[in-house]
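What follows are several structures.
Two complexes come next, and they have one chain in common, subunit A, joined by subunit B in the first and subunit C in the second.
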Partner chain A sequence: MSDLTRRDLLGTAIRGSVLAAMGGGALFLVRKAHGQILWQVDAARCINSRLGEVGVEACSLCTTECVVALSAVRAVNEYSKCGRCNICPAYFNITSPVNELGQPSEKLCPRDAILRKPIGKVDPEDPANNFYEYLIDEAKCDGCGKCVLKCKEPLGLGSIVLKVRYDLCVNCNRCAISEKCPKDALRQLSVGQALG
Partner chain B sequence: MSTGAVTPAVAFCRRFTILILFLLFVSLAPAQPLQYQRPVDTAPQEKSIGGGYKTPPVQKPLPRDRWLQVLDVALLGFATGAAVWLVLKRRTRKGLAWLSIGSLAYFGFYRQGCICPIGSIQNVALALADPRYSIPLVATAMFFIPLVVALFFGRAFCGAVCPLGAIQDVVVLKPIQTPRVLDRVLGLLKYVYLGLAIFFAVRPGLARDFLICRFDPFVGFFRRTGAPHMLLLGGAFLVLGMFVGRPYCRYLCPYGALLSWCTRLARRGVTITPNKELDCGLCAGACPFGAIDKMRAVRKDCLYCARCFAACPRDPRSRL
Partner chain C sequence: MQYRQVQTIGGMFNSALRGLATDKQGLLYAAGDSQIKVFDAAGHLKRRWATARPAHSVAVADDGSVYVGQEGQIEIFDGVPWRNPELLGRVTAIGFTKDSVLAADSVGRVIRRFGRTGKFLNNIGADNPVKGFLIPNGVLDFAVDAQGLIHAANPGKHRVERYSPAGELLGHIGRFDGNDPAGFTGCCNPTNVAVSDRIYVTEKAVPRAKAYDFDGNLLAVIAVAHASACRAGTHAGACPEAVFDPNVKNMSIAAGLQGRVYVVDTVKLAILAFEPVAS
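Let's turn to the complex of A and B:
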């Protein structure tokens, strides 16, 4: 009987010390924790997003490397910065032949994810003063970055950037895109920094 | 002495002071920094466009809500508790199989295998080692809850909560009894894997790698996409799993290594009680994981699937 009790006591002691060690570790981690960390594209590093990178091919690693079926990275138009141009270099393939409407005949987006909508009344006599809204259909965009690259000076204003879509991103420990990104543009940020 | 009179000397002093102050002000004014402005504000705004135009809001799909993350942890805790109750108290497999399918649907296919306690080993190790790295509370809870439960009641997490275990459990068709020696040798692999995973996770900078996530064989199925070689490996594990019960859990799972250490210290566990059982051996034949040795449950290897109880001819209530 006493042998059993001693064994029980030993078991309880070991269990207690393991529990205390785990509690200590957990406490250490909890005190250090500062909320959730999210992956975000650093626009200053991304080849497609950053200004001044002109005449290069669009980098589409975000589309091809992401582990979810439709990449969690997609193009976002910061509408307040958008020039709302008549001939948008991100919407049209501006090197394609001009059609009867006086517009380039091809669109740039391979998935037709950009919607062009006239703002107000269109004056056909004065095309330079007609404004158009360019809405990006998030359900279609796969973040290939072609429009992002074209929306830059001298023609664009850099209003389109690549961003991570958090409803799709599974927040991998080791983001597959970040492993391949040549500019190391995917960074882990706190929620505030990533969404701001 | 008149109070209102001002002598010329005082008046001069006052004027001089005002002049000095004025000069000081003028000299300071240009030193103020100029506000930087873009030369031309090219983007037309609501006002310049006119016609009641409103700028559409920028789309911002938000990350998972905080309360949904808490729900993940709560479900993990609830499912682990339910597994303990079903296996140790009710001694039945019926509810357990449903629970494990539910976990597979939620933690596997809905949450796409992230966040999981197995992968969190790396984050916990890195957060303990690297002062600049920290993990969210949810990850800490995900890591510790199954371990604490295992410390008292054994690795119930493996039985019905872990989606990786559940996906292997549903394919167990015709398990063969693997030779005990082979079982033991292969079982050592998980300790090696645990060591390697921690070693690579705490390495600095670009040398850091999360092996457990990189070589997770089933996450490709949960996400319905993935690198072809990983899907192939996962498929191979599932095919192997038809004949060798839960190969990943038994031989490779690094979290299983931690859980089996905790289970050794557990106060209670799955038992095939001496004198109360028939010792007919039906349970040993039913165990696909070789966790019943000489008619007794081997605690560190038992995966809490309750197949032994299901195979027992005795009424479970009589054995409580």
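Let's turn to the complex of A and C:
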């Protein structure tokens, strides 16, 4: 009698676990179908933005692996963190020759997707006497991550990060970028987490 | 001209090591955590005491008084602290002229000049279109030379600017260059400065310490983190070994006796001492 009871209990537990897993999976699918589960780049994991990585090349898997044309990932400048520098290492190729203005002669972005605008009136005698705003043209940006790597501390302030744009992302069940990302930086988040 | 590393003082701070200063006897004062620690030339700890708030900077006056920069105040040992959250947002450097005390307020992005009793006199570095120094790194650093002139790092402009105590901009050294070691690279360098018979600076990304004459000519790359900091060209063959953690920034620097230079590695929480090599 006690053996049967134990077997019954075990069976019930297993059936319960399976049902719970199916229920969880179904709930996940329902939430995903309703756009409540989203893919997002974890900046603390992304090789282009995670601190402590030095001497690495920019990772462009978000550009090459995304199934969306031009990629659903974009570089985003968080203005509250931006230093508004005169010479921004994410905008300029800082190792290019210095021009007559005392600035690097080349831009960093291969698609010229970053715009540099002076804030206020430029001091004509000393252009360094200014703050500059850096805007990312998302129609051009393909999320290659080059600017993100150069904006990272300690070279920059880490204001530019990669983000999945939800109006572009088709929300694949198995994100092609996440399949290849060596740092597991593409994460599925609830809407609340993604926007938080 | 070359320098060699002669000493490392490590293991003395737990979470932060921010400011350095030397006195006339050559003692080294280090500000970090919520402590001041004093070392002799051999690197031995001679004294230590706690500060009321986390210490961001330290300086020693001619009379031996120790001024410690903190958030909202300057603590004086032994004396009454100067509390003024509006003018002393975060004091990341302190210096002295003959009749005044200078405090770098990194929140206000200017240097505040006070009388010896703490009466505010004037700002230095505020009279420009950006209303202060360009310090994306959050640290404003300066040093005072033997003539009483103020040499302030303005990293956003890639310069060390020279001011009178009254706040008049007298000139500057430095320029941007991402290749030539004589220039300052990145978005915002140099971050820190010290002065004796030379101008010493530190930079971040790539981290290095350098010495200049007062005309802005590079005398030496004292130390680096990467060999790439000394590219082929001006200093090929004379580049020092890599000693700094590559992720350091805001490395405080102080000039000691007989050409010795102290530099903080803010990641390793260590003080590195360098001396010029006799040619």
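Rule of thumb we're sticking to: the second predicted complex is superposed on the first by the 155 of 196 C-alpha atoms of A that agree within 3 Å, B and C clash if a C-alpha of one lies under 4 Å from a C-alpha of the other, contacts with A are read in each partner's own complex, and residues count from 1 in each chain.
Throughout what follows, a contact is a pair of C-beta atoms (placed from the backbone, for glycine too) under 8 Å apart; a residue touches a chain by one contact, two chains touch by 3 or more.
Given the structure is predicted, the values throughout are model-derived calculations rather than measurements.
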Winner by number of subunit A residues touched, once subunit B and subunit C are compared: B
Partner chain(s) touched by A:P104 [first = subunit B, second = subunit C, both, neither]: second
Partner chain in contact with A:G83 - subunit B first, subunit C second, else both or neither: both
First (subunit B), second (subunit C), both or neither touched by A:R165: first
Touched partner set for A:N130, first subunit B, second subunit C, both or neither: second
Touching partner for A:G120 - first (subunit B), second (subunit C), both, neither: both
Partner chain in contact with A:I37 - subunit B first, subunit C second, else both or neither: first
Overlapping contact positions on subunit A, where the subunit C interface meets the subunit B interface: 83-84, 120-121, 131, 157
Parts of subunit A lying in touch with subunit B, wherever the complex brings them together: 11, 14-15, 18-19, 22, 25-26, 28-30, 32-38, 67-69, 76-84, 119-121, 131, 133, 135-136, 138, 157, 159, 165-174, 191, 195
Contacting residues of subunit A [partner subunit C, same complex]: 51-52, 54-55, 83-89, 94-98, 102-104, 120-121, 123, 128-131, 153-157
Residue numbers on subunit C that touch subunit A, as the complex places them: 128-130, 134, 136, 156-159, 175-179, 183, 185-188, 204-205, 207, 226, 246-249
Interface residues, subunit B side, partner subunit A - complex: 42-45, 49-51, 53, 55-64, 69, 112, 114-115, 119, 122-124, 127-128, 134-138, 140, 144, 147-148, 151-152, 209-210, 213-214, 223-226, 262, 265-267
